[in-house]
Amino acid sequence: MAEKYLMKGNEAIAEAAIRNGCIHFFGYPITPQTEVSAYMSKVLPKIGGTFLQAESEIAAINMVLGAASCGVRAMTSSSSPGISLKSEGVSYIAGSDLPCVILNVMRGGPGLGGIQPSQADYWQATKALGHGDFQLLVFAPATVQEIVNLIGTAFDLAEKYRMPALILADGMLGQMMEPVEFPETVSKPAEKPYATTGTQGKRKPNITNSLYLKPDELERTVRERFARYDVIKQNEVRCEEYLTDDADIILVAYGATARVVRSAVEDARACGIKAGLIRPITLWPFPEEAIRKAAARVDHMITVEMSMGQMVEDVRLYANGQCDVHFFGRTGGIVPTPAEVLEQIKKYAGGAE
Amino acid sequence: MAEKYLMKGNEAIAEAAIRNGCIHFFGYPITPQTEVSAYMSKVLPKIGGTFLQAESEIAAINMVLGAASCGVRAMTSSSSPGISLKSEGVSYIAGSDLPCVILNVMRGGPGLGGIQPSQADYWQATKALGHGDFQLLVFAPATVQEIVNLIGTAFDLAEKYRMPALILADGMLGQMMEPVEFPETVSKPAEKPYATTGTQGKRKPNITNSLYLKPDELERTVRERFARYDVIKQNEVRCEEYLTDDADIILVAYGATARVVRSAVEDARACGIKAGLIRPITLWPFPEEAIRKAAARVDHMITVEMSMGQMVEDVRLYANGQCDVHFFGRTGGIVPTPAEVLEQIKKYAGGAE
Amino acid sequence: MSVHMLIAGFGGQGVLFAGKIIAYTGMIEEKQVSWLPSYGPEMRGGTANCSVCIDDKPIGCPIVLNPKTLMVMNRPSYDKFINEVQPGGTVVLDSTLIEADSTRDDITVCAIPATQMANDNGLHGLANIIMLGQTLKATGFCSMDVLKEAMKRCIPARKQHLLEPNLRALQMGYDY
Amino acid sequence: MSVHMLIAGFGGQGVLFAGKIIAYTGMIEEKQVSWLPSYGPEMRGGTANCSVCIDDKPIGCPIVLNPKTLMVMNRPSYDKFINEVQPGGTVVLDSTLIEADSTRDDITVCAIPATQMANDNGLHGLANIIMLGQTLKATGFCSMDVLKEAMKRCIPARKQHLLEPNLRALQMGYDY
Amino acid sequence: MEKFSINYERCKGCGLCVSVCPKKILMIDTARLNRKGYNPVEITDRAACISCAMCATMCPDCVITIED
Amino acid sequence: MEKFSINYERCKGCGLCVSVCPKKILMIDTARLNRKGYNPVEITDRAACISCAMCATMCPDCVITIED
Amino acid sequence: MASFHKTNGLTDAVFHYCPGCTHGIVHRLVAECLEELGILGKTVGIAPVGCAVMAYDYFNCDMIEAPHGRAPAVATGAKRANPDNIVFTYQGDGDLAAIGTAETVHAATRGENITIIFINNAIYGMTGGQMAPTTLPGQVTQTTPYGRDVTRAGYPIRMCEMLSTLDGVAYAERVTVTDVPNVRNAKKAIKKAFTAQIEKKGFSIVEVLSSCPTNWGLEPVEALKWLKENMIPYYPLGCYKDATEKGVF
Amino acid sequence: MASFHKTNGLTDAVFHYCPGCTHGIVHRLVAECLEELGILGKTVGIAPVGCAVMAYDYFNCDMIEAPHGRAPAVATGAKRANPDNIVFTYQGDGDLAAIGTAETVHAATRGENITIIFINNAIYGMTGGQMAPTTLPGQVTQTTPYGRDVTRAGYPIRMCEMLSTLDGVAYAERVTVTDVPNVRNAKKAIKKAFTAQIEKKGFSIVEVLSSCPTNWGLEPVEALKWLKENMIPYYPLGCYKDATEKGVF
């Protein structure tokens, strides 16, 4: 068995990315994810990679664009305000059909907000990290080990479908230490015939571009991209269900919040309430089917988030009126407690005990 | 009656803003909204206002932040890629509870995209123009006259609720000329006791800020803001219904697209199909109630957008499974034609004629 | 009478301005009006066009895809739009620049050597206005008085000396 | 045995490091482990704390709000957390810096003058480790051997000369 | 092959070549219109061309080719 | 009022004042800990203070007040 | 013989800065200047994102907290809204010379009539000690763990030198606060900068070489010594531009 | 006597530029240099947002279209990914000196081993003639309809002068293309810049004073005259920095 390390989420991300062939990292400091850069800056210069502290988040995402266009695995990392600054760049990378991985270790907002954990960038991540029609692959790990396991997948899928992948974590996951193992088998950068690495006089120039002045051409590229998105929706949904089989009430939560909810579900079971948990691991593609099925079976679902209610709209969308979908959230950096969640469960479970 | 002018949408916006007391404008050129700046640069220096071409969209939105904090009506304008760059600043303005007006004359995306009309920034505008929990007032005019009429309202509500307002237009509205009248009664900037205009030694310092390092304080400010949002949802929804009373099939569309759909609805009526149109004028707050009621009455609704389908999710959310909600869209700068929309109506209206 | 017109040519030939004058006639007659330019990234050269609609009821889509009237001043635009004209519609073309070779027999084609006429008569750059005169004659979309009034309003105060040659060009196109 | 501990003090007193050693004991015993620091904007000064959980089943929420064990090294933290300790829980405090005045009688309080002891014994900056020894004694959350092993793993190779004083401090805290 | 040749369809009639020709043998041909709607350049006296390539050096559109 | 006074609770014990005092009459009082956990500064010989305000000029935390 | 009281330009709030951090000294100098020039009541200050983010709690005048690097743009908006207000920004090197480079350069070239107090401590303080644009060659930081390698991480920027090439700049001076004479000199420069603004001369900037004992890993007194020995040779003190005498605006 | 053929460094696509726009001349010069230096096959060019946005259709090498102003950052990513590639950006004044100021300054100060071709035409061409950071005082543009008023809109930036203060810059020269001798000189400078990159000397930039006849409202030949008479006095031609002889990197 592989060795176990006690590592911060932020450090584990960095190590896992490097092991999966990402040796080009462009970052800009921001709490609570500075350890990612710190780790990269220690390792990459020693193995012939690039650690570059950019002048800004905007420069960093555009360096990623340049590096990704040239065929290497490239990554950047930030936290909420810094991610907002990357919007234009992310839209360009998506519009240029380039793969890369972006990490958002979310903190409280809006504005400068605070530096404690948050999940209030769900909408931004899943619907509009930039202008125009496009999507990102969005992964929401809940443990340090899961972060490690997902990084390779994120790069692989980003390359397979030629689109950016976003790891949506939060300050708690980034800062906490848990034991992790690094899988022996790692993923390898794919061949990229489209990469701008110089023609060597042997082929026509490769062009990375997102400009299409003729509307029908632009529409065609967008539709081609959405055709790929449809394949992804079919094949790449990841979601964990916990005790949902016999559940009377189902909770939906992702990331760090899902840990709290899991505890609350166990507490509820201990009180005799048959609660269950759906934990989306991919936020896009969203586990529509899991929600649809659950909504058909129970009367109440509760979405718990560290926000004022964002994913809950997607849950309602796919529940489609089949059951009541409630929301419980804390925001501004406050992590909900298992006790608070249990209270909500009790409220809707109809006085079991 | 007031005089009529034949004006481009972009010019009418500028003139209307000035008439409504906005004499501080900070912009950066981008097609298809350059005429806003051009107009402002002609008029404002003559009336003691500020026209400033900033070094970037980011600088422009932050100049707006500074000016708004100092109590004046301030505005900026851009188009899709430039709006993405404003994300962080918009989130700060929202988090600082400042009023301002932002104009997005949408063009095709993602990335550099194209310069023809689009509505693919709906999600960005209504859910995530920046990180964190916050909303913007979002207005979607459909005619040049409506732009003019809404500007004063946008400033008034922005000041009343202390939040940014976004005018979501598109290249077609910005570039087309229509006759407009400017209402005699204009709105006036509100008193702003919170403005940072110097203490004059007479009061405690005013502070404009969005940083709250204590999570409970940050949560409190966010909840206070959302309490205001609830009031807005009650009182400020604007929406036009056209021939919905007896309709068998209801279309939902906003902005320039609503014009096309209106023509299609008339064509459908001419073919004996009882079609109707719901046209949200505020996209946030969204006309939930209108959708809910309509969904309860008809079997089919069709949302038409210049995108791959964004508002349709809100329509489905509030239809809540009560009827089928279909989508028809063109993207990349293509404006749907009345004929295309009519075809869709016929498809779902069940062979009337 | 309702107008549903497409005006097309090279950038620089004044097609947008001609369209604007037509739109103004609708204003004067207190009708619903829309004018929409095509706008491209090329600053000069390339083709330009605009859609003009005038109607009694609110104008839905302001893009004219199938014009009732096409006023066209270059070959690429002629090729692009000739088959989009509504059956029964009218095409007014500048025969100095376009050799009309369409085989459509369901439309009326008025050819006028506008550029030539402009050059010959010291009306440099006013081929668009000559075309406009001809278009008025061919379709009668408004009265000559209204069109003249519209033209006056479209020429800014400091350029009023240009009114006379414009009016002359208009008449010349009408009389051709 | 499961651990559910909060370790708090001033920044600079080494509370995060002490927590990390405890977390390592769980690793060694192949249990589920989590370590979560509170992180603030102040670089130095201010209070710091960390939550450590060790359990047989996966750890849900890693934030310890109501610790079974509180190890506390300054007055503000004592004031903040003393009433959060679970009934039946244990508080280990540095009596050099904290005058314990809680009236709670449902918890066990172990006072140890750790800072004083460190200063007196040439173990500058190792009050945290002395505290750790006392905490082990008071709660027996693992064996002394495992704790020593954990400590070894936490001290980086190039700082192995620090191991000896650390082990000494640990024993001293345990023996107090 | 001609020592001096003009690709008329690429020419935009800007006149930069005309302005630098030391022999003054280039002119804009206002009688002609290429497919893009421009009046292209024309050489008035081929024999007088000294192949200095000044015109080609100034031409922004790679219209002129000179064979030596 | 004292001509030299220290606001002990504001002091962070950084020692900048100590380093600039020309009379060498300031020291960090390691025996004392203020509420923030710092060892504050102390004056060892009040009488020797010449009110030069060098200490106050260097203090980043407005700890020292000098009355003239 | 001198008396010394905390200026009314500061509130009573205790600074959150680390022990011996020179941010505190510079805050006081700015506040004293505002008070002494009698402009406190009409001043609007702009706080950066950086260790000085909470400057809004310390200065006894109206304050705006700006996004990271954008303080000069926020200041521009504030000044244009009310040109009679005195507007200043207080920014660190990451804020001003990295993410905010464009905003700084353009406020300067516009000759925006504002004052910038620029704290150059050769490191990112608040985020825990990463490389700044002004970090010295060879200097160890969290993101240059082997010392800043100029072939990978580039050379430090000298802002005063760079900005002095711009016509809009009325006054640019570099000072430090390593000892009492330098503190007094720094105050003079800050006062001159505000005076330039009062007299509508245009853009003024005072760069203050400062210490970050915490992230440099040095005791406060040692830190000032390090600053003197290492930073000053790279960033020479002095006035880089002074167009305040000329009536250029 | 000379022969003249279109270089293989350009594709056969017809430029979309306006008649007489000097973008075309500079494109050709860059392409000729790439071909003559034998580096076409290993070059990656970065197109800006501006009139030259479609440069990716014209240069006969791999190309990346960058967001407005971010070409130097994109180039940095490309160069770091494959340091053996030759990487250049081609940018207008709005792109490079307004929105992209930070990216330009930081690529320069990092001594990023790339080449920037900077087209200074004193205006925003593509968007229809708005003021650029380099617009001359008094110059009329769409957004300075009464002429650039330096008290409101600030002073033009001289980029070569500003960037020359940075240690990372190996080579900075300003040239123009108003006539045949200047075109030849411009080519020399461009070749020198690429040679500096080949020899890993660091950051090189060639600023080319160019014309925008369309938005200046002048005929192409007149435009070049205006450039000579108005721009050159404000932006003196010449080499501002040349560290290519020294083995600095």
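We just call them A, B, C, D, E, F, G and H in the order they show up, numbering each chain from 1.
Assume a residue touches a chain if its C-beta (ideal position, glycine included) is under 8 Å from a C-beta of that chain, and two chains touch if they have at least 3 such contacts.
Bear in mind the structure is a predicted one, so any value in this text is a computation, not a measurement.
Chemist: How short can a path of touching chains from chain C to chain F be, counted in steps?
Modeler: Tracing touching chains, the least step count from chain C to chain F comes to 3.
Chemist: Once every inter-chain C-beta contact is counted, which two chains account for the most?
Modeler: So the chains sharing the most C-beta contacts are A-B.
Chemist: Counting in whole Å, what is the centre-to-centre distance of chain B and chain H, each centre being its mean C-alpha position?
Modeler: 38
Chemist: What's the distance between the Cα centroids of chain C and chain H, rounded to whole Å?
Modeler: Each chain's C-alpha centroid was found; their separation is 41 Å.
Chemist: Could you state the distance in Å from the CA-based centre of chain E to that of chain G?
Modeler: 59
Chemist: So how far apart, in whole Å, are chain C and chain D when each is placed at the average of its C-alpha atoms?
Modeler: One centre to the other, that is 85 Å.
Chemist: Would you please write down the residue numbers of chain E that are in contact with two or more other chains?
Modeler: Correct list: 12, 38.
Chemist: Touching two or more other chains, which residues of chain D qualify?
Modeler: If we look for residues of chain D contacting two or more partner chains, we find 40-41, 45.
Chemist: Give the residues of chain B touching no fewer than two other chains, as numbers and ranges.
Modeler: 31, 52, 55-56, 58, 81, 88, 92, 96, 111-112, 115, 209-211, 213
Chemist: Using the touch rule from the top, collect the residues of chain A that touch chain B in their complex.
Modeler: Result: residues 58, 80-81, 83-85, 87-88, 91-96, 106, 108-116, 118, 120-121, 123-124, 127-134, 209-223, 226, 307-308, 310, 313, 316-317, 320-322, 330-334 of chain A touch chain B.
Chemist: Across the complex, what residues on chain G touch chain B?
Modeler: Touch residues, chain G against chain B: 11, 40-44, 46, 53-54, 56-57, 59-67, 70, 73-82, 85-86, 102-103, 105-106.
Chemist: Please give the residue numbers of chain G that touch chain H in the complex, ascending.
Modeler: Per the stated touch rule, the residues are 98-102, 105-106, 109-112, 133, 150-151, 153-158, 161-162, 165-168, 249.
Chemist: Which part of chain B faces chain H closely enough to touch in the complex?
Modeler: Residue list for chain B touching chain H: 28-31, 34, 37-38, 41-42, 45, 51-53, 55-57, 81, 111-112.
Chemist: Write out the stretch or stretches of chain H touching chain B in their complex.
Modeler: Interface residues on the chain H side: 49, 53, 65, 67-69, 94, 98-99, 101, 124, 126-128, 130-131, 133, 142-146, 149, 152-153.
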